[in-house]
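Look at the two complexes coming up: subunit A is in both, with subunit B in one and subunit C in the other.
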Partner chain A sequence: MKTKNEIIKTLVTKRCGVIKPDSIEEFIGAGGYQAVVKAFSMQPEQIIGEVKASNLKGRGGAGFPTGIKMDAVLKAEGSPKYIICNADEGEPGNFKDKYLMENDPHQLLEGMIICAYAVGASHGYIYIRGEYGDSMTALEKAIADAKANGWLGANIKGSGFSFDVMVHSGAGSYVCGEEFALIESLEGKPGRPRNKPPYPTTAGFRDKPTMISNVETFSNIGIIVNGGGEAFKAIGTETSAGTRLISLSGNVKNPGVYEVPFGVTLADIVYGLGEGAPDGQKIKMVQLGGASGPIIPPELLDIRLDYKDLADEGISIGSGAVIVIDERFGMMEILERIMKFFCRESCGKCTPCREGNRQILNILNKFIACKASEEDIKNLTSICNVMCLTSFCGLGQAAPTAVLTTLKYFGGEYTGRLAAKS
Partner chain B sequence: MQLLQIIEKHGRQPEDLISILLDYQACKTDNYISEDDVKMLARQLNLTESRIYSVLTFYTLLSTKPRGKYVVQVCNDVPCYVKGSVNVLKILEKTLGIQEGETTADGVFTLEFTSCLGCCDKAPAMRIGGQLYGNLDEGKIGEIIAKYRGQ
Partner chain C sequence: MIELTINNRKVSVPEGTTILDAAKKLGITIPTLCYFPNQKTKANCRVCVVEVDGYRTLQTACSTPVAPGMVVKTNSPKALEARKVNIELILANHDARCLECSRNLNCELQKVANQAGITDNPFESVLVMQDIDDSSPSIVRNPNKCIKCGRCIEVCRDVQGLNIIDDAGRSADMGVVPTFGKFLNDSNCVACGQCAVVCPVAAITEKDEIGVVWEALSDPSKRVVVQTAPAVRVALGEEFGMAPGTPVTGKMAASLRALGFDDIFDTNFTADLTIMEEGTEFLTRVKNALTGGKATLPMITSCSPGWINFVEINYPELLDHLSTCKSPHQMLGALIKTYYAKKINVKPEDMFVVSVMPCTAKKYEAKRPELSVDGIHPDVDAVLTTRELARMIKQAGIDFVNLPDEDFDNPLGLSTGAADIFGVTGGVMEAALRTVYEIVTGRELPFDGLHVKPIVGLEGIKEATIKIENPVADYAFLDGVEVKVAVASSTKNAKVLMDQIAAGTSPYHFIEIMGCLGGCITGGGQPRSADPDVRIKRLGGMYSVDEAKVLRKSHDNPYVKSIYEEYLGAPNGHLSHELLHTHYNKRGKA
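Up next, the complex of A and B:
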């Protein structure tokens, strides 16, 4: 078994817990904002070229290549252009963006400034979920200090480039993490997704070209500019570059945020870092990514953290949550929680999601009461598939993932609860 | 007048509506936006009342019903559940003498469920008056509630 130090790699979190997060002096003393100076000496296309070469993929869940997104915003017609940081982090089991914002807020600003310069944006917003009061305080202080020191505002450090950032509070809604729902919310409306295309890169906030990315994604940009895209790509695996922040929770001895390079196994995370289940319990299942992610049995934990390896198994790790559940808990009660979450958070815009989540919950209740029939397994499968195929946004498309993966990996839990035939 | 100050701070654009509602609700002891508030806001911001309600009823941190001075939100998602959130709710129900969804007779506390609070590494977790509390057990919950009672 690998030791903790062999598993962890601190790149994005290298300053976390080392510097005082509310001190811009300490941030600068630890190499902060150097990447901004370097970026200003480069052409926008050059910066985007480095991000493309780095193979950085968005850390918000979907894993879209960040360089390609930046290129699209740079080339899009229209002004002004906007940068939005998605700090809504509402997916149950995720808390790594909070960790980054509260431990190294300037690193996020640094990434946003560089991206703004590269795509030609003049205004930025950090949309932080309303429950994260401390994160808002940390960023508001960081923004004020950055302004006072000339890293934000007009003509930043004599570059001729001007950029301003504002913190915006969410108001309690999971779907507002979806990029267009977030933009609607930022425009003062209920957070219901918009039709795509057009994508935010061409018609986002106020219908202007908008780069919207996750906190962790922006936090990687300074590292790429400083060290170069190729050096970044060398970290991790052939198919996945860099590190991931893992939010480890549930029945493990050591929950918390851990930064690991791509290529470590899920077992390294659960057993090596988490030290397995407490109180001599055995792990029954692990949910990856959060409520909208797959539930897998412990036998699958040998899979590497790698976009391709996970996709080959038909799963993904979303925004990096790893939720461990031990044998004291029944699968049906866990699924019930998850589906209640989606019933609560569905925005109601489209029928498959608004009705589908409720129907799934109804059928699960039959299994819980041991009153289900073979027919219910068929119906459950077909409702899930319809939702995946026809829901308007990612919420409804991903909501059935836990049910579908448990049907695949824990089929016995369903058949064992069929009503006894009389 | 408080509302006008808040509007001055955020601006009068429809885009500013959610920030205004959040700030205004936060300075009211009954923690909600009343019908009269909506009428006043509609006039001030030149928006229809239905436009304001569309936002008010969408977001869980906003309320159209009176709530206690302190809203006690208990996290109920899987990471907290497997660390005993059901127990946390039971203890709170006993300590406060109310059920989930209710407000104490003195108007101090409202007890609610919430989605994940981003404190899963300190599960089970809750949020009171904007403050997050984790690693809850019976003793800790008692202390926290006593502190708010005293205020």
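Up next, the complex of A and C:
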């Protein structure tokens, strides 16, 4: 068993808990904003080249290569261009963006300024989950201080480059974490996804080229600019570069936000950092990514945290949540809670998500009441598959993941609850 | 050109083509539900999903552009199963009592369900029955039928510029409702019925008046008189499988007689009469304006009741611009219950007037208390849409397609070509110019085929200038005057011209406005059509009816001349004002 220090690698969180987050002086004293100065000495293409070389992938969950996204925005025609930080963090079980915003808000601004400079954006928005009052306060203070110190606003530090950032509060909708629903919401419309293509990179906010990325993604940019893409790529595995922030919660002795390099195993996280289930309990299942993520049995925890390794098993860790569930809890009841969540949070736009979630819930209730039939297993599988295959956006595509993965890994829990044949 | 493979067959289509349209080129019709021609891609229903090599998820054919070398399977087991499940999910939240539905056998959901081979829905119904909103005299909203496709929202917002209905709520609570959940009749709805035309199911329909009409027809004490609007004759045939734009005037008259109506009259007659009244009103206003008197110009036509609702709600300060003419069917209703009742010696209260209209707003209009000659009996007792008439003809088992042509009854059934084109945008203006120009100059309108080219066609806003030269003595004051006219269709386009008037910048003397885009040919009561070219085809039909007539100018209608001689006196005279003109109400926004 590895020790905590062997598992953890602090890169993005290196200043967290070390500096006072509301002190721009301490941030600068700890090397903050140096990456902006360095970036201004580089050509936009060079910066994007470094990000590409770093192999940084979006930390929001989809894992799209950030450098390619930046390149697309740089090359897209249209003005002005926008930078949006997706800080909606609505996925249950995730709280790492909150941690970053409240412990090192300037690092996020630093990343956004660099990206804005690289893609040619003049305006930025940080769309923060409505429940995150402290994060908003932290960022509003950071923005004010950055402006007062010349790191935001017109002609930043005499570079000739101007960029401004605003905080925008979400209003409690989960789907607004979906990039286009977020953009719609930011435009003052109901939060519902848009057709793709066109993607936000060419027609995003107000139909202008927009780079929209997660808090953690932007927070990595300064590190890449400072240390270079190759050095960043050296961290982690061949297929996954850098570190991940893990939101560890549920039945573990030590829940919290941990930064680990790619390549550690899920067991390292659950047992090494979390120290396993409390009260001598046995771990029954672990949900990765959040409510929309897969539920796996403890036997699979030897998988490495790595995009490819996880994909090979058909699963994903999304935005880095690890939710541990011990044997005191019933799987069906957990699934019921998850599906109730999606029943509430579906935007209602497309058929499979609007209608599918509640049908899943109805069928789960039959299992809970031990009144289900073989036919229900078939119908459940069928709806889940169709939701994954045909839903308009990621919400509907991912909503049935917990059910689908439990059908795969915990089939006995279903067949054990079929109605007794008379 | 982009080459791709669909169901193992190669096809080349221009860049930007969707998979749906590319498949059509191969004769493959992928089932759709939210998709509607000439609307934006919504991709909400997820029925048109197809398998595309290289994609993890299925792709919606309506929204996915083709790409070079793309390999598409429209009928793979995966696509078929997904399509079926999505339709089943919709059905599980739909009041699927098809046999008791006005859209039975004419329903897009029913069609795709049948196509998908659904015989038994594995999903339990989750439908929570809601109240039906029948507050409007024109439109009924049945949320229990709604499948949330969004077509109605788009037509109301983007085509009509009204935004009366939108989706509200999330997830299972998502529904299409009027602003702030108001009843439709308490909203700013103008009753145009464009939502009802695009609805794939029976979630938005016209308020059905078939029952009261059958009742009247079976009442021996009633003299039941029917009249038909110009645009009905080029669209009714579609309900019986005929091509859009096919004129079916003779079959329509024959089927109305077969249904048992006592008199078959034509709203066209009073369209001609409208030209006499409105033309005279216009010339009076112009004369006043040019001779130092008080006159409100531009004058705006008043025959589209959706437009009248719109202007009363949105521009209550500008109502003086409206012609005071009642709409043609209200004029005819008034004449039937006075002039004609007297002629045939039937008491007005024993007359029952039915108007067959391409319009849902006409239902609202007929209920206006001011549209009654005696303040008790309405000018028009019931309004049927083109769709409702088709349903009645089907109910009566009439073989419409093979029916020999018959004529309207006289005297209120004769009309000129000028009346026919009331059914298309620009038609009323052209008809008015044919008459006004001749009154003023003593010469025929000097245009090829009497058509005022700049105002013919489907553009939303059109304008023309007519220079008056060598007028007759009575109109010498008009010599050299350039009369500027404009034509708008759809309330969205109307708004553009009204805002000019409100700002004092309108350059026009005379404006024609129709509430629906293209005019009555695509009114809210017309047959629903998936033909993207339906407007232009019906427009062609209207002009062909006009051109086929010997009499093409309203003032040439012999019965119009004689009704003035024997009954009304002069246009805009005392009796005309009493029977044929109305006033408007400053309603303002809800």
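To be clear about the criterion, the second predicted complex is superposed on the first by the 422 of 422 C-alpha atoms of A that agree within 3 Å, B and C clash if a C-alpha of one lies under 4 Å from a C-alpha of the other, contacts with A are read in each partner's own complex, and residues count from 1 in each chain.
In the analysis below, a residue touches a chain if its C-beta (ideal position, glycine included) is under 8 Å from a C-beta of that chain, and two chains touch if they have at least 3 such contacts.
Everything quoted here is computed from the prediction, not taken from an experiment.
Using the contact criterion defined above for the overlaid structures, shared-chain residue A:344 touches subunit B and also reaches subunit C. Once chain A of one complex is fitted onto chain A of the other, the partner contacts of A:255 are limited to subunit B, with no touch recorded for subunit C.
When both complexes are overlaid on chain A, the residue A:382 reaches subunit C alone and has no touch with subunit B.
Look at A:128: by the touch rule set out above, it reaches neither subunit B nor subunit C. In the superposition on chain A, contact of A:92 is made with subunit B only, not with subunit C. Across the superposed pair, subunit B and subunit C both touch subunit A at residues 173, 190, 344-345, 347.
Subunit A makes touch with subunit C in their complex at residues 173, 190, 195, 197, 343-359, 362, 375, 379, 382-383, 385-386, 388-392, 397.
Residue ranges of subunit C in contact with subunit A, taken from their complex: 41, 43-47, 49, 57-58, 60, 63, 65, 78, 81-82, 85-86, 89-90, 92-93, 122-124, 126, 148, 167, 169-174. The part of subunit B that touches subunit A in the complex is made up of residues 13-19, 21-22, 54-55, 58-62, 76-79, 81-83, 114-123, 127, 130-132.
By the touch rule above, subunit A contacts subunit B in their complex via residues 89-95, 98, 129-134, 168-174, 185-191, 247-251, 255-257, 287, 291, 321, 323, 325-326, 329, 333-334, 337-338, 340-341, 344-345, 347.
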